Structure formats: structure tokens, C-alpha cells
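Presented below is the structure to which this report refers.
A, B, C, D, E, F, G and H are the chain letters, set down in written order, and residue numbers restart from 1 in every chain.
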Amino acid sequence: MSYDRLTADNAALLLIDHQTGLSNGVQDQSLPEYMTAVAALVKLAKAYNLPTVITTSAADGPNGPVLPIVTQTLPEAPVVHRPGEINAWHNPEFVDAVRKTGRKKLLLAGVSTEVCVAFAALSAIKEGYDVYAVIDASGTWNKLVQEVAVTRMAQAGVKPITWVAVGAELQGDWRSPTGHALGAVMGEHLPFYGNLIGSYLATKGA
Amino acid sequence: MSYDRLTADNAALLLIDHQTGLSNGVQDQSLPEYMTAVAALVKLAKAYNLPTVITTSAADGPNGPVLPIVTQTLPEAPVVHRPGEINAWHNPEFVDAVRKTGRKKLLLAGVSTEVCVAFAALSAIKEGYDVYAVIDASGTWNKLVQEVAVTRMAQAGVKPITWVAVGAELQGDWRSPTGHALGAVMGEHLPFYGNLIGSYLATKGA
Amino acid sequence: MSYDRLTADNAALLLIDHQTGLSNGVQDQSLPEYMTAVAALVKLAKAYNLPTVITTSAADGPNGPVLPIVTQTLPEAPVVHRPGEINAWHNPEFVDAVRKTGRKKLLLAGVSTEVCVAFAALSAIKEGYDVYAVIDASGTWNKLVQEVAVTRMAQAGVKPITWVAVGAELQGDWRSPTGHALGAVMGEHLPFYGNLIGSYLATKGA
Amino acid sequence: MSYDRLTADNAALLLIDHQTGLSNGVQDQSLPEYMTAVAALVKLAKAYNLPTVITTSAADGPNGPVLPIVTQTLPEAPVVHRPGEINAWHNPEFVDAVRKTGRKKLLLAGVSTEVCVAFAALSAIKEGYDVYAVIDASGTWNKLVQEVAVTRMAQAGVKPITWVAVGAELQGDWRSPTGHALGAVMGEHLPFYGNLIGSYLATKGA
Amino acid sequence: MSYDRLTADNAALLLIDHQTGLSNGVQDQSLPEYMTAVAALVKLAKAYNLPTVITTSAADGPNGPVLPIVTQTLPEAPVVHRPGEINAWHNPEFVDAVRKTGRKKLLLAGVSTEVCVAFAALSAIKEGYDVYAVIDASGTWNKLVQEVAVTRMAQAGVKPITWVAVGAELQGDWRSPTGHALGAVMGEHLPFYGNLIGSYLATKGA
Amino acid sequence: MSYDRLTADNAALLLIDHQTGLSNGVQDQSLPEYMTAVAALVKLAKAYNLPTVITTSAADGPNGPVLPIVTQTLPEAPVVHRPGEINAWHNPEFVDAVRKTGRKKLLLAGVSTEVCVAFAALSAIKEGYDVYAVIDASGTWNKLVQEVAVTRMAQAGVKPITWVAVGAELQGDWRSPTGHALGAVMGEHLPFYGNLIGSYLATKGA
Amino acid sequence: MSYDRLTADNAALLLIDHQTGLSNGVQDQSLPEYMTAVAALVKLAKAYNLPTVITTSAADGPNGPVLPIVTQTLPEAPVVHRPGEINAWHNPEFVDAVRKTGRKKLLLAGVSTEVCVAFAALSAIKEGYDVYAVIDASGTWNKLVQEVAVTRMAQAGVKPITWVAVGAELQGDWRSPTGHALGAVMGEHLPFYGNLIGSYLATKGA
Amino acid sequence: MSYDRLTADNAALLLIDHQTGLSNGVQDQSLPEYMTAVAALVKLAKAYNLPTVITTSAADGPNGPVLPIVTQTLPEAPVVHRPGEINAWHNPEFVDAVRKTGRKKLLLAGVSTEVCVAFAALSAIKEGYDVYAVIDASGTWNKLVQEVAVTRMAQAGVKPITWVAVGAELQGDWRSPTGHALGAVMGEHLPFYGNLIGSYLATKGA
């Protein structure tokens, strides 16, 4: 009686090149929108205890370190520093880490959408994974590049998604124990929702 | 000699979480555009006597009551208050209500497009329904989320549509008895059309 | 201790060529946004009992009758059918009607912004009136024309304004007797506000 | 050695409800862009002698007469006044006229994109035609409706296209006798091209 | 009882560098919008018999000849080919031609807005003319350049305007003999208006 | 040798109706952009120890409580709950609080821009204050309303500004003791800057 | 362990009508964005030694010569001047040149996207090539035409892509010998990246 | 017979914080548009031999070195590294350098528009300079900040301008010796113009 939803038991998160330097190239959304979506996504990973693999390129070079919100929220996630492979799927250590998660549904996000996210997504599709690209927690150079990347990925069977939908699919039912955690992430990173709750509680308490 | 059009006899309408609180989060269209589309869609349901199922989440909590235009226009439609399921299709009472309509074509609209509409749409597709997502009578947090949601749904076979097309398919022929009712809905909610009729009648009467 | 605010005692409303035919040429806002702003403005005139003068051009010709919401809301306002003057201020009957209001603050709105509104506004400024152009309850052919019209009027001392600000200035204090009426107009035509009230009352009543 | 291109011998043009009244509802493009595209498309039909079927709805009512550019350019094209059918394909006279063209490739354009164009396009696809929807020579109420309509049609196998591509496919080779006619249409309706030719000829002649 | 309106007796039109080559650089509006505005403006000059001065730069070089619509509509207007002066006001022949018009109100349009229009406008202001810059019948490289140019000109006292307002001010009263001519220009170049008239006449004649 | 800059000694901050309910009506910017600007502005007030006055309308009604970031960051700022006055300047307690700051430069921000900010700004100008309206830390219903409000305020002498400029003027010189605090606010709320610093420090430390 | 990536050994580049005259018709991106993408793409072809075929239409007529950046960067690439064929695939010399490259993956770019790029792309797909359309290094008349062209091509199996993704796929691994060349292209044509490297090297050297 | 135009003898250029790190924060234009405008402006300074003062903040820190195009084009311009002053006018060395230019017209550009450009512009106005802010060769965080900054500066008497207008004012007459240099800058940085010249020369030479 359901489509095959994302759950805390069947999904893993792959975070590709969310680095401080690269993030300053993001212009397909405003930076506050991109940053809040990335923060929300990693907090979802923590709330649902999703196995997560982080990878970087040139992290001790110009691309900069992983965004602090990522490493601080998910301190135990393995970080694969790729020595040169642009497509993370070409790096055996990364692929091993993905396989060790044991999950067949992969959530991918990163910078840039059409390179780091799309290449890995297309490789994962080819290996039979069920792949989701989290578009608002990813970023790229302008809106046209984003549109083209989504079209290319969707054409190949990658499912485009956004972070609120990821949270809602993982949660499934607000009454599950993680409901409070989801509410907290939404309250902070979907400001409308935080305001809504704030007003409600104030009225309720009055 | 026709494609398989929506008719008053083969379609049902599912309205998911069109609540006052959630509606204030809609930013993929202007609020006047969203509100007028929702009002139009429920009036179409009334004009064509479409079996309709309304559902809510946290309606006595922050998400607020169903928009008055919905309940006032369709006072007899069952309202399923989901105690926690995010995907309405996970709620047996809702699914029962859908089945009781006896219709195989389902029109879905709600807030938010990528969660409440998309999840139920994907579930309904999986069960073999012919599913239409009414995008302008739905709403979500920003334009990017809307675009991604439409792409994901279309990829899975959900047909995206907008309210004027719903009315026109249901009507089929302006000479059918419901033609006047359709004209009234369009006259009020597609303001261009109301103005057009107003000018015409004035000239005609002169 | 205040700037010289608009009040129910010092302001009059001039509605210029809000006709069905002309309104279909409005493309500087979406039509639902324009129509809801016009409706709101005339309801404010009623709520605050503002002396109002309505004028038309070619109303029994292609430009069409005055929008029904205008005449139905303000049935007693005089309607000056200009036989040919493009600038309403060139029509003596119109100017007389304005003078009879006895007000020195004039709120103007109409179609199109850069012709019907701007010409009358510039004439009124020249005669020493304090002139406000209500931009969202006016309309024109595209955004560029609107921008240019606002710049030209502001350059001449016309104050650009929008309908919510008109209502708020007229009201001054929510505790004045008209507060309920203002709330009703805002609840219907600023949909966010109607939703906010709806949620609040539901919570309060729970 | 070619894809199956549109030619003057395999294509017919169907013009659906390009009427003066309906055209004023077009807001997915600026009106000058829409009008120039419609004019260009009908001139292409004339230049390539494409069998053309024109149809209207309520042409002696509010929807108004066919745009003069259409009937003046293609005075011999049959005009089917539909007494009520919204989907032109539901009108037997229209379908007969289409069949009499003997063409299997159908170019459709009209107002509105998601109703008049999409419904007939979907019906024609179902009957086995190769269907092209000319999006810029069609129009609808806003950009969202256009996007949704294109997605729905493309999902069903309708090929979206724009008028310059129609002309270029029909022409195939600039050296064919119709090349001059195509140049004239592009020179007038793709203003960049007219300017380009104007500059070239002036320089050449200097 | 009027502001100091533009009339057929007090205004002259200055057309600066509306050349085929330069026009292809216009990107602050769509080209169809720009071209139709230029055409409309020169037809207004003809309809109201405005003294007009045309000037060019490098017209037998890359900038190309004057747009045909300009010279064909106003064949008797003097054309000053500036040998090098960027600001037309620096060319004595041009200034003489302007002075010979005997008018104190100058309507300027051209390409590009921030150079050819703005420089001459600022010079004319300095000499005491009452200067109007017709922004939609002018064009430039992108929207930002347009915005900056309008701000700079308005700051110096130049009045920004658009072509429909020019026509309406010149006409003053629809009953004046030129009313039919204005209607013809608007019917062709403000397509909404042409459609409106077309619908009206059809209904009237029915 | 300087213009008359904002300093920690000459400026006060007035925060008007930054409430949870009202904030959900903000659509002239994305909500993440608005929320991050408000947060930044209040942190600046704290960093520079600016005397601050907070005011609300209907805070125990539908408009909701003050945004938590405001009260948590500035717990000692007086909060004037206006019983009904729309223009905060009409409330004597508010005006007293402003006067007690002893400052002649007033920074205003709030919701909505054209009502709560503009009315108080215009009143303050009238009383001789030097008034700055912080546009990005304010919000309103749509972009048009914002544009009109900025034009009206600028016309009256109010200086429009944005939060980064406020911080930079207050700081004056990065070497002043508050430099670190400003860096912290910018690092968090102007994400580009935080990323820039993050990359720099990583490289420096490598 | 990879999807079937573009490599220097399996891909060829086809540049269709990147001519000076036609390029001035590009309005789906800003001209600086289009020009920098074209320059980047040809530099990638040089860096990866991709077999390249250039073709033109009316190059000694109004369409103008090939952009200098193209011929200067790839002086040895064959240039096929088509005497009239609009679809380059209809020109046997062009097709021969493509075949001689021996590559099965074809990267296409040109002006205009919906004609020159799309027609050749559809023909190549039909012959079994794996076809990529480089959308940002192509250009057309407006955004709508671009969107429609991408949809039509994607529907037929053409993969839309953008230049940075082309470079990244070709490179595969930054450690390959061409890494420095890719960095140089990105540094110049993706300005963000050049700035990032500039900052990094400066800090590193400090 | 002229307004007081910018000339090579009366103007100086002040470049404020055009640094690699800060430039990556520019989001009010696309980066290619910003970068090409900056390059054009410094080449104009060279072509007209304008006295130029460059200044930086934290250039050996996170803000990065001056853009190479600036220092390479103007290697002899003094560079004032401000140790902490945000407003360059607060730095005596900078002000001295400005004074030594002996010019009363100052062209300012930099990052960010509302801080580095606006503060110095307002200070310079206060000291009696005639100040121009080159908006497209400046950059800031988003479009709203740009709009607010332009309004604030214009309100204070600063003249907003863009780089093509700067070049055209400086040149005055194309026949002056610098005409070739201006053509070269425009040919490269206003791509439309380069294309126009390229087509012209090719035709001319044919």
C-alpha cells in the first residue's frame, strides 16, 4: 500500500565536495538558500542515523575544507579525500564505503550539481542503485547549468528530490520517534515552519 | 476518436493538506494565484459532482484548519484527519475513501507539492491509478522545489495539469448542462475570462 | 507627533478606467494580483467612507464597463463618463466632482498606470493636491512601463503607495471602529493574512 | 541520412482558437512575442503551401474572431466553427478536414496551450499522428501553465517546437525555391535576422 | 487646469542611432518588444506631424543603416550623419536641426539608452529644454544598464516615458482629428488593444 | 574627512513587528534570505551595543511573538507592545523609548516594509531624525510592494540601506575592538564570507 | 565501475554555425555568458585534442565568419561551408568529416540551439551516435526557445550537458597530464574558479 | 553646447577592493558579466591614461589579491593597502593619492557596491567631488543590495553609470586618437560589438 519509500533502513547519504571554496561558486540559488538546505540535509542524516559517506577533492588545496556544518553534524562519517578522481565513483575507497553501507537507495548531494553529483549518480544508476539527487542541497554555477543537469539525470533514471521531501519520506509518520527531530530540523531550516510552530505554541500557551 | 479524457464519471478529487497554516508557506506562485486556483478547483469538483476526499495533517495543531473555501464549497466531502501519516496513502481510512469513489482517475492537489501531493501520487500510480497532479492548485516553498517535484512525478508517469485544463477536460463540450457552471468558475477565477465575458455582454446589450 | 497621514477625513479616491476591456491589457502583475488589489482598494473606500469619483473612457465601446466589483461595492459613487479626454483632469465634470469631495489628499488608481493614473496625478500635483498613486491597484502593459511611470510620478512629487499601506494609514489604530472592516478586507485580499487569522482562531478555540 | 524531417509534403498545420478575445489572455510570453510568432507561423504555412485547418470556439461570442493575420494570410484555409467541443478532435468536421490533408505530421498551435493545443495533440497522438506543438505560436495564462502543458505533452510523445525551427525544417536547404520566402518571414518576425540582413546588404552595396 | 502636456505643437522627436547593427545589441527588452515600440513611436511622429530629427553614427560602417521602419515612415525628416561625435548634441548640424524645430519639449529615443539617449538628453536639459526619454523605444545591452541610465537621467531632470504615454499625451482627447490615427498605431503595436477593438467590432456588427 | 557615518555612539535600532506570524507573509525575498538578515541585524546591535527598541502589534494574537532570534539576542531591549497603533510613532511609550536612546540616527527594520517601517520612518524624518530603513532585514508581501515602499521613503529623505552596510559603517575600521564580532556575524549570515574565511584559515594552517 | 564517460579517445566535437552575425541573435543567456562558454569549449577541444568539425552557413553572407576564438584555437579543424543545407547532417562533406573522426560520442554546440544543434543532433541519434548537446556553448533567440529545444532533444535521447561537465568528464582524473590545461580553461572561463585559485596561491605563497 | 562630460583630463578612477576573494561573493550580476565589466573599465583607464588609485582591504588575508586583470593592465597605478579602514576615504594615504590626481570627477568601482563603493562615494560627494559609481564594474551579494545601494547613492547626488557610458563619455568623438583603443575594448568586452565589427569587416573585405 505504498510506493517504495526512503527509510532510515534503506537509504544512505553521499556528500560530494561540499567544500568552503567550491560553495562560493554556487549561483543557481541564493547562498542562504543553498547553505540552509545543506545544513538541513546533514541534520536529517543525523536524525535518521543514515550511513553517510563524505568525499572531497583538493580539500587541502583551493577547494577548501568540508563545510563545518557537515563535519560537525556528522563527525563519525568517513571522509574519502579523492586524490584526483572527479567522479567519486572512480575512487575505490569511496565505492567500498558506499557498499559497506549495505543500502540500495542512495541520496546524493554536492557541488557542483552537473559534475560531482551527476557523474556519481549516473555511475550508481549503472550499478543498479536507486539514486536520488538532492537538488537544493547541491549547487552549481547558474540556473541553466542546474536545469540541464536535472534533465540529464532524470533522463537516466535518477530521481530528483529536495531536502524537505527527503525528511518527510524518511519520517513516514509524524508519530514515529524521530518526529521531534524532524520538526526541529524543519523549524530551523524551513523558516516558514519554524514561524508557524512559534505562533502556534504562543497561542496555545496563551 | 478521443484520448481518454477526464469526465465527471471517471474522476475523483483528492485534496491533501490545503490548510491555513501550511498555505502560508507557499512561495512557488504568488499567494493570490495559489488561492484562486484552489478555489477554482473545489468549485469544479462541485460543478461536476466529483467524488472528493479531503485529508489533513495536524489540523488542530499548527498546520491549521482546512481552507474555508474548501469546506464551504464541498461540505459533504469526507475529511480524513491523518493522525501522523505524511503520505495520505499510508492511511487506511483515506485509501478506503478513495476506493469507495470507484474512480480510476485521480486528481491530486495540496500542500506541499513535493511531499503531500507527490507521495500520494506515486503511491496511487503504483496501485494502477491514472494520476493527475494539479500543480497550480498545489503549492510549495519555492520555484525550484516545484520544478523538481514536477520532474519527479512526470518521470513516474503522473500527469501534471493545471486547473483550467481540469475544468475543460471535465466539460468536454460547452453545450453540456454544466457549461454555465464552468463559465462561472472561469469568470471568477481566471480574471481575464470574466473580463472578456463582461465586455462581450455589455457590447451585446448595447 | 506624526507625519501627515491619510485619514478617512482628508482623503478621496479617484478610480480611473478600471474597465473590463482595459483590465485585460494588464501585464505588469499577474491578473489575480491586480484584480484582488482593485477589489481591496474599493472595499477600503467603502469601509472608510471615502468620497470616491469613478471615471471611464469609451465605456460603451471597446474599453468595456467598469469592473463589477467597483460599481457593486461603491454604488453611490459618481461615475463620470469622459467623452474623449484621456487625462481625466481635462474633464470639468470630473474635476468638479473631485473638488466637491473637499479633500486635499487624493488617492489615484486605474488603467493604465502611465497614462490614466500618471496624467491625472501630474495635473493634480500641479493644482496643489497631495497625490498618492496606488500602484498595485493600477495596471499597465508590462513591468518596464510600470517602472518608468513610477519614476516619472515620483520625480514630480506624487507618492507611490500600495493598497495595504492605504488601509493601514486610514485605520491608524486597530482599535478604531473600522478595525474590523479593515481586518475583513485584509483577510480576503491579502491571503496570507486571512490564513493567519484562520489558524489563530482555530487554535484559540481549540 | 536524415531524421524524419518536416517537409512541405508531409506536414499540415492546425490552428486552434487563435481568436482576438482569447489572445488577450496570453501571459506566458509578452504579447508582442506571441503575436509575432503567430504571424510568422501562418506565413510559413503560406510559403510552404501547407494544408491548414483553422478552428474556433464561440467566434461570434466573447472569444472573438480569428486574428486577422491568420485569415488574411490563409484565406482559403477551411475554418471549422466548433459549436461547443473544447477538444477540436471531438468535432467530426475538424477531424475530417485534418484527414483530408492526407498528412501524418501535424503542427498544432493555439490558445490556450494546455487546453486547445494539448487536448487535440493528445488525441492526434492516440490516432497515430506524428504531432508537433508550436509553443511560441501558442499562448496561455502564465508561465507555470505553459511549463506544465509542455511537460504533459512531451510525456505523451508530442514534440514541442518553436516557429523558427518549423520554418527551418520545412525549408531543409536554403537553395530550395522557398528560401526567399523563408528569409522574408524571418526578416520580419525574428527582428534580429531582419537587422542582420539589413546591415549586410548595406555593407555589400557600399 | 492641466499639467504642461506634450502636444503636436510643442514637441519634437529626436531619433538617435536606431540602426540595424546597433539594434541587434538590444537586450534590455525582447527584440520584438523593442522593435514594435520603435515602429509605434515613429508612426506617432507621423500622425502628429512632429518635427523629427534623425541622426546616425557610422551608418555606412558596422552600425548599419537606420531601421527601415524609421526612414520609410518619416521620409522627410532630416538625417544627420555624425562623422564621429558620440553625443549628438556635440554635432552643430544636429543642434541646428533641433533648434529649427522651434520646440522646447524634446522626445528622445535611440540606441543605446545610456550613451546616445542619455548624453543628448543631459545636454538638452543643460540648455533648458524640457526633455523626455522614451525608454521602451530605446534599447541597451541589458536590464542593469537600462536601470542605471533611467536613474541617472531622472536625477538630472529628464522625464522618463514610454511610447503609449507619448501618444496619449499628444492626443489629449480622443475626439481630436488624430484620434483615428492614434487608434491605428495602438491597434497594431499594442497588440492587446488591437485585439480588444477586433473583438468589439465583431460583437457590435453581429 | 568623512561623511557622517553611523557609529556605535550615534545610532539606535528600532525593530518593528518582527513577529513569527507576520514573518510568514514575507515574499519580497526568499524566507531564508529575510531570516538571516534579521538575525544578522540584531547581532550587530548586540556587537555594537546599540540602544534598541522593540515593538509589536497583536503579539498575543495572530501576529505571533517576536522572532526568538530577536529576543534571545537582545534580551534587555525594551519591548513596547502597542495596543493598536499601526504607526509605532503614534505610541507615546515607543517614542519615549526612542528619545531615551539619545540618538539622532535611527535604523529601522520590520514587517511590513511599506507599513510598519515606512510609517515610522516618515514620522521620524518629520521630527528631524536621520533615518535609515534596513530593507533586507525588513519584509513585505511581494517585490512590487517593496519597490514602491523604497521609492516612497527615499523620496521623503529616508536612506535605504542593507545589513552588511550597517555593520560596515558601524565598524568603520576592522582594527577596532568590535572587528572580531563583526567578522563573526558576517561569517555566519553572509555565507560567502564565512566560506572565504574558512578556506583562508585552512590554507594558512596547512 | 563507471558510466560510459566522455574521453579524449571516444568523443568528437561538432561546432555548427558559431558565426559572428548569428551570435548577435543569442538572447537565452547574456552574451558574456554565451561567449565565454564557447571559448571554453573550443579550448577544451584543443586541450584534449578532440577531433573537431566546424561548419558554417552563409559565412560569406550575413551570418558572418566563424567566431575568431574558434578558428584561432582550432586552426587545423576542417571547416565545412554548407552551401545551403540547414541541417549539417544533410551535407555529405560534413557527415564524412564526422565519420572520419571515428568517434561514436558526438558533442554538438552551435547557433541556434533549436535549429542547427537540434537538427544535427536528432540526425546523429538516428544513425546510432551517442549525442550530447552543449547547451551553454550554444545559443538561441530567447529562453523559451531554449527550453523547448532541450525538451525536444532530451525526448529523443540526446543528452543535454554544459561545458564544465564536458571538461570534467574528459579529464576524469585531475592527475592525468591534461589536468593543468583543464585548470587553465576553468580559471579563465569559470571566473569563480580563477578567483579561487588566485586566492589560494596568494595565501599559500604568503 | 555640452553637459559637463567626463574627459581624459578631468576624471580619475578609484578601484576599491576588486580582489579575488571578494569577487566570488558577487551575485547581483552573473560572474562573467561582472568580470568582463571590470576588465573593460581598467582597459579604459589605460586607454585614456586616467590617473588611477587602487586600494585593497586584507589583501594578504582572506580577501585575496587584486584581480590580475587590474594590476596587469595598470601596473603603475598606486595600490593603497588599507590596514583596516572600511571606507577608503578614511585612509589618509588613499585620500592623498586621490588629491594628487588633481581631478574633480571621480569614477568609483569596487566590491561591494553598498559598502566599499558607496561609503567612499558619499565621502567624496561631501568633499565636493563630482562622483560617478560604475555599477556594472562593481558587485555585491544580490540584486536587492545593488538596488538599495544605487538608490542611496543617487539620493546623495552620486551619478550611477556603467562602463560603456564611461568609455563613450571619455572618448567624446570617435575620430579622436583614442577611438581605436575604445573600439578594441568594446570589441572584446561588449561581445555584441565585437561580433558586429567582425561581420562588417568580413563583408567589407569580400
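Throughout what follows, a contact is a pair of C-beta atoms (placed from the backbone, for glycine too) under 8 Å apart; a residue touches a chain by one contact, two chains touch by 3 or more.
In UniProt terms, the chains line up like this: A, B, C, D, E, F, G, H = Hydrolase.
What you see is a predicted model; the values in this text were computed from it and never measured.
Any chain that touches chain B (Hydrolase) and also touches chain H (Hydrolase) is listed here: A, D, E, F. By number of C-beta pairs in contact, A-B leads when E-G and A-B are compared. Although chain C (Hydrolase) and chain F (Hydrolase) carry the same sequence, what matters here is overlap: shared residue numbers make up under half of all numbers found at their interface. The pair C-E is the one among E-G, B-C or C-E whose contacts match those of F-H for more than half of the residue pairs. Of all the chains, the one whose CA centre sits at the greatest distance from that of chain F (Hydrolase) is D. For the pair chain A (Hydrolase) and chain F (Hydrolase), the distance between C-alpha centroids works out to 33 Å. Look at where the CA atoms of chain B (Hydrolase) average out and do the same for chain F (Hydrolase): the two points lie 40 Å apart. Once the centre of each chain is set as its mean CA position, chain A (Hydrolase) and chain D (Hydrolase) turn out to be 43 Å apart. In chain G (Hydrolase), the residues that reach two or more other chains under the touch definition are 21, 24-25, 27, 30-31, 33, 62, 141-142, 192, 196, 199-200, 203, 206. Listed by label, the pairs of touching chains are A-B, A-C, A-F, A-G, A-H, B-C, B-D, B-E, B-F, C-D, C-E, C-F, D-E, D-G, D-H, E-G, E-H, F-G, F-H, G-H.
Contact residues of chain D (Hydrolase) toward chain G (Hydrolase) in the complex are 1-3, 5, 29, 33, 135-136, 150, 154, 159-162, 164-165, 168-169, 171-176, 179, 190, 192-193, 196-197, 199-201. Here chain C (Hydrolase) touches chain E (Hydrolase) in the complex through residues 21-22, 24-25, 27, 57-58, 61-63, 83-87, 89-90, 92, 95, 112, 114-115, 118-119, 122-123, 125-127, 141-142, 144-145, 147-149, 151-152, 155, going by the rule given at the top.
Chain F (Hydrolase) contributes residues 196, 199-200, 203-204, 206 to its touches with chain G (Hydrolase) in the complex. Chain contact summary for the complex, chain C (Hydrolase) toward chain D (Hydrolase): residues 24-25, 27, 30-31, 141-142.
Those residues of chain C (Hydrolase) that touch chain B (Hydrolase) in the shared complex are 20-21, 23-24, 30-36, 60, 62, 64-65, 67-68, 191-192, 194-196, 198-199, 202-203, 206.
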